[in-house]
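Quick one: the structure is below, questions incoming.
Should a chain be cited, it is by its letter among A, B, C, D and E, assigned in written order, with residues numbered from 1 in that chain.
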């Protein structure tokens, strides 16, 4: 894959990510692999298992989405218990100093490919908590967000809409945040370090 | 070369080993190794037609198929275990006597299995007993060796009583002859039958007599526990099988009460064995020490052997014999593994271990094989035997016993997983980070024994054929049948090779899928799901204490049988205290009083 | 060359009194005297020896049969070995030791009931003086009271017998009793009680604890093994060769013996101290021996007495040395003692295992034959009781032995040398003697036929003996 | 070649079992969704899940982690190869009940081994709960089957099916036993209220806690296969199997969907409730059943 | 009559041994017992209107009108032995007193 230019840390990533082109080079084994990848994308898109990390208030919208009114199982989506099993990490709200550490830890435990969906404005710029001392305003500095769902809180329709969009992205191979995280690991790490200090904290409570 | 030479040679080698051991302990261990392997070779080459002999009148020997089978089993256990003797730390404790006792007990077991005379059998039986007691004494301090000795002595004396009853009632001490005579003319035959069986049950560790097992296995030196568990307890099966086949309960009990075609007595004994399975399983689930857990698993497995022998059908006896071998091999491996673990880490408590799989992989594999065989899963030998025994239970329709057998079988999965998971799986403790794989000399016997378990599990036909031969020699009308590659059961056939084949095909498919799929990333053991929490203490991040707590709560009130024996011992003590108080007063006047009163009583008693 | 058995009595007596003049070489007297006695015993031939030239019913006679001869041999050898080992201890007791030897020999040899009483009294006084060498005089006094009551009873019974039959000669007495058996039961009971005090039968054995629980390597083997054995041999002589006991009295006394057997084993099981265990087990063993004697198993009881004597001798001797070295005989404090004294440990172990009746040692065949013969004649309950007591005995015996071999994890070896290295001579002597005795137990355990044959021969013609069917290594009946 | 043919049939049976059960799982998900007034996923959703998992890159905790999985799948495939379905038996005469139970147990053991070696105590707790539950339902179940074997005098599944065709279904022989067996089956399938060993909200799906990607995929395949084994064993033993494939499929689907639907409307037991229930009710019922048999028919022959 | 009297003396001594804990009293009891026994023995040998068993010029042959001489000789021996034991017992009494400062055995045992 050609190395796509990444925006600097001062430019939001999410908008450009949706317009990533699938590269089309023709080398036989690779082509074969890509053909296989396309099939795999189909399966990935239609079997999304999610881990909802309820950092904030947006999580309250999820029950509605899961249950009979909107029934996200029809999209093949299911809630999962552990990050190992999950494909999507749902960040439902703002990230604070404490939760971000756990978010990162959880995200890194997920198997690839994996996707991050952020809810509400708090994940974009801190929303109404933007000046709170413990809230980290921009999530995409620390984790590669594949999809934002707008609304404070987003309505269930918006959530469903977002999920549909995510499925499209995955099916077309555009949700590549996890690759980005691997590629620019150092960059993310330095941001994380700057924000929360040590991610894997060692202190008297955790030893 | 005949049996006498073999036994005498081993005795002499034992004494020589003592002399050498005083000078150079390592050389003595090598001598035990050489001697026991040589004995194994001789016995193997000699086969069950190895010449017997007559040393003095009493010590006459004759090899029978049954004796050969048992001797081979025990010799194999003994000789593989000699590798562990090599790793005994020599200097701090003077254990020159250990190789001597080891070889003496080995020689005596051969004596037990080939004796033609009950008294000779008993003599060897007792030599095994006290020599092994002393060997247990080399281990941890405690009451284990005494409990072992006391219980075994109880068994031996029951046996002696039975022997003497046979000797006085039938005027013969010949092993087969005496039992046959008892079967011909049942006078005190029932007494003989029960006492003999009880003594065998003590040795096998069947329930009311099992209390010595956990204590002795726990306290025995780690390098002797395999022999004790895998070898010596099988002595009981030998006499039990001879009694049940030459003096079957069906000829003894002319009484009308029968349960499902079996005499009531047999049924009661079967129930006792079934209880043994249940109690062994339940107690094994509860233990915190690996060796004690394995000991209770032996209690349970002995129950299977006993059931197989008591039912007395060709298939069940065959199952009992195969199970005996399977259990001998498997339990030897498990105790050897525990010895290796204890050697490398210094403990056998399960809550102090964990994750050793990553440090001792080969040991783990051997342990896995053995534990699978203990549980009775294919493709191990334990499966073949459990299949045979369950088949016979099903065809007899003994539901109570079958329920216990099933319970034991499924329960064994519980304790097997417990020991596997707490010792080898789970988190590696930081203090064990530097632990290394056991030295090669310890791995040889492990691989040998588990290899035999596996090979016999896949291809058990020769073995089952041999049990048929044993049954022939024991006078069974028909024996277990094998046609081609299938063992013919009463209501089904077993083809172990086919099972292994199906499993192998399944494994290949699984491997194919596994390899085709993307390669996984290897992560550290502590990199697990913690609910987002940061945890760095492997000691705390493991589940090993009070493992089956929900289940244990169900039978927390189960009374322990050892209490009964303790109470008994305390009564003896009380009697002793009373005697000391009454008759051994320090005051002369008390003595004078006793003398005069008792004299008067005697004279009065004479007068009336 | 043939020697008069009276020498075995007279020689020590003479030496005992001449010794008073040569106080400085007293030890030499003791050692030489006992060794000379052994020598004399070797040259004694069986037969009847008259004293003072009167014919048997009137004069005193020494009855030397195989029974007396073998007993004499074992007794004198053990005694001589003991004097060699513990000359230091016996320094002030030379006279009484020699007198004790003379009296014991006399006890075994004499064929006259009153003469037996005299020897009994002399032996008792000597024993009391020996027992008092532990400086615990009130225990010795206890012993004295008991033995005086015993001898009084003996004399009372004796005089009643005399009144009835008009003789004191054993052989004559036996003839007369056979001729008119009635009416002598009270006397027999009294004599039995009198001797029972000495052989430690249980209700009469209150003195044993005080004397033996503090026994050193001199008192222990002497009182615990040699005296007990000799007295038991006398008991065997009287109740198989002399008295004709009515079945009722036999039953009564057998009950007493059984109570002793059971109670003694229980008491030993309850003890935590080495010497107490040994003394109680000695009490229990004497119960078994008396049981056999009373029921007429003369040969079996004889060989049991001898083997027990040897085993007890070794064990008491070693326990004395152990207490010397360690200052205690509480088993818990002596863990791992034999690790540093393996040979002595081996001897102790062999003696203990033989006592407990485990195979490879002579005790096994004796016990086997006892059980077999009891079973041949009685119902099953007596062997069952004996087996149960044997079980108890085996357990405490092994508990003791294992405790002495086994080192705890936290308790490291005691490192106590039972015999101080400075005392080299004693060391080798003790090693040699205990090892020879324990090896003898192993050898006879492997080849019991010889010993059993000898016992059979010695007691086969005993009057009350039931013909025992002996099972040896050669095989038993039905082979 | 006869042997090759047999092996082919066996493999076919395993494949068929997997396809069947995975499909029916999907259908069941839809049924349950309907019960809950939802639409539910497509019927082939489980295939999609498995394929996705197999294409995911995940983590491993060491060789035993993977090896145990392979044993689990191999055990399941091996067992499925022996399963008689609608008169088709791969290895005639060897479709022995005890063998099937034990070979299946090997798969279970493999799973336990794998999840135990992940190092996560939640997994260990899950396995512990599963095994604890296992005793509760396996003992009465196997006891009943032994009664059946003793009744039909054969432990071959296909022969039992044949005999049922002659003498009526086993459910008629032991009606109470059928209830017990169904409760046991419910536990074996891990449907609510007996999914305590998974309990996603409590111990984070227990044994499965560390699995993702291909490991989870293989585990799902093995799970589908073992469900196939359990349900078809039940159908064969108690409901007379099926002379034709549709008959078998009907019974199979009915039993599985019934069990799942029951699960859909129930809550989860806590582990001590499971123990309290399982160690009393089925065992008591089994004893009553066997006594009934003994009284009514003069004992199981 | 004589027999019974002497036997009662024996029982008296026995009674003393049973009831007393004082060393000297026990020794006295032992002596009483012995004397009773000796008297009993002599009384058994005594026959009414028989002569003392002494060969003299007046009774030159051992005819049958002597009393039985044997018990008397036995008693002689017995007395000698009794003296010996009493001596040893008294020595012990002295030693016990030196060791414990008391002759009451009960007190001694209590002290140990």
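In this section, a contact is a pair of C-beta atoms (placed from the backbone, for glycine too) under 8 Å apart; a residue touches a chain by one contact, two chains touch by 3 or more.
What you see is a predicted model, and the numbers here were worked out from it, not measured in a lab.
Using the contact threshold fixed earlier, the set of chains in contact with both chain A and chain C is B.
Under the touch definition stated at the top, chain B and chain C share these contacting partners: E.
Remark: the per-chain Cα centre closest to the mean position of all protein Cα atoms belongs to B. Using CA-based centroids throughout, the chain positioned farthest away from chain E is A. Counting C-beta pairs in contact across A-B and across A-D gives the higher total for A-D. Centre-to-centre spacing of chain B and chain E amounts to 68 Å, using the average Cα coordinate of each chain. Chain centres here are Cα means. That of chain B falls 35 Å from that of chain D. Measuring from the averaged C-alpha position of chain C to that of chain D gives a distance of 76 Å.
A straight line joining the Cα centres of chain A and chain E is 115 Å long.
Within chain B, the positions touching two or more other chains are listed as 527, 529, 586-588, 592, 596. Touching two or more other chains at once are residues 82-84, 109 of chain A. Taken residue by residue, chain D touches two or more other chains at 55-59, 204, 209-210, 213, whereas all remaining positions touch fewer.
The list of touching chain pairs reads A-B, A-D, B-C, B-D, B-E, C-E. Listed in rising order, the residues of chain B touching chain D in the complex are 260, 355, 357-358, 361, 364, 368, 372, 375-378, 383, 386-387, 390-391, 393-397, 399, 402-403, 406-407, 410-411, 413-414, 416-418, 420-421, 424-428, 486, 489-495, 498-499, 501-507, 509-511, 513-514, 516-523, 525-529, 531, 541-543, 547-548, 550-551, 553-554. Those residues of chain D whose C-beta lies close enough to touch chain B in the complex are 7, 10-11, 14, 54-64, 66, 69-71, 73-79, 81-82, 91, 93-94, 96-99, 102-103, 105-106, 108-109, 112-113, 116-122, 124-125, 127-129, 131-132, 134-135, 138-139, 142-143, 146-147, 149-150, 153-156, 204, 209-210, 213-215, 217-218, 221, 271-272, 274-275, 279, 290, 299-301.
Per the touch definition, chain B reaches chain A in the complex via residues 527, 529, 532-537.
Across the interface of their complex, chain B is touched by residues 138-139, 141-142, 145-146, 149-150, 153, 185-186, 189-190, 193, 197, 202-210, 246, 248-249, 252-253, 256, 262-264, 266-271, 280, 335, 339, 342, 353, 358-360, 364, 368, 371-372, 375-376, 380, 383-384, 387-388, 390-392, 394-395, 398-399, 402, 405-409, 411, 413, 447, 471-479 of chain C.
The touching residues of chain C, when paired with chain E in their complex, are 114, 118, 121-122, 125, 128-129, 132, 135, 137-138, 140-141, 144-145, 148-149, 152, 155-156, 159, 162-163, 168.
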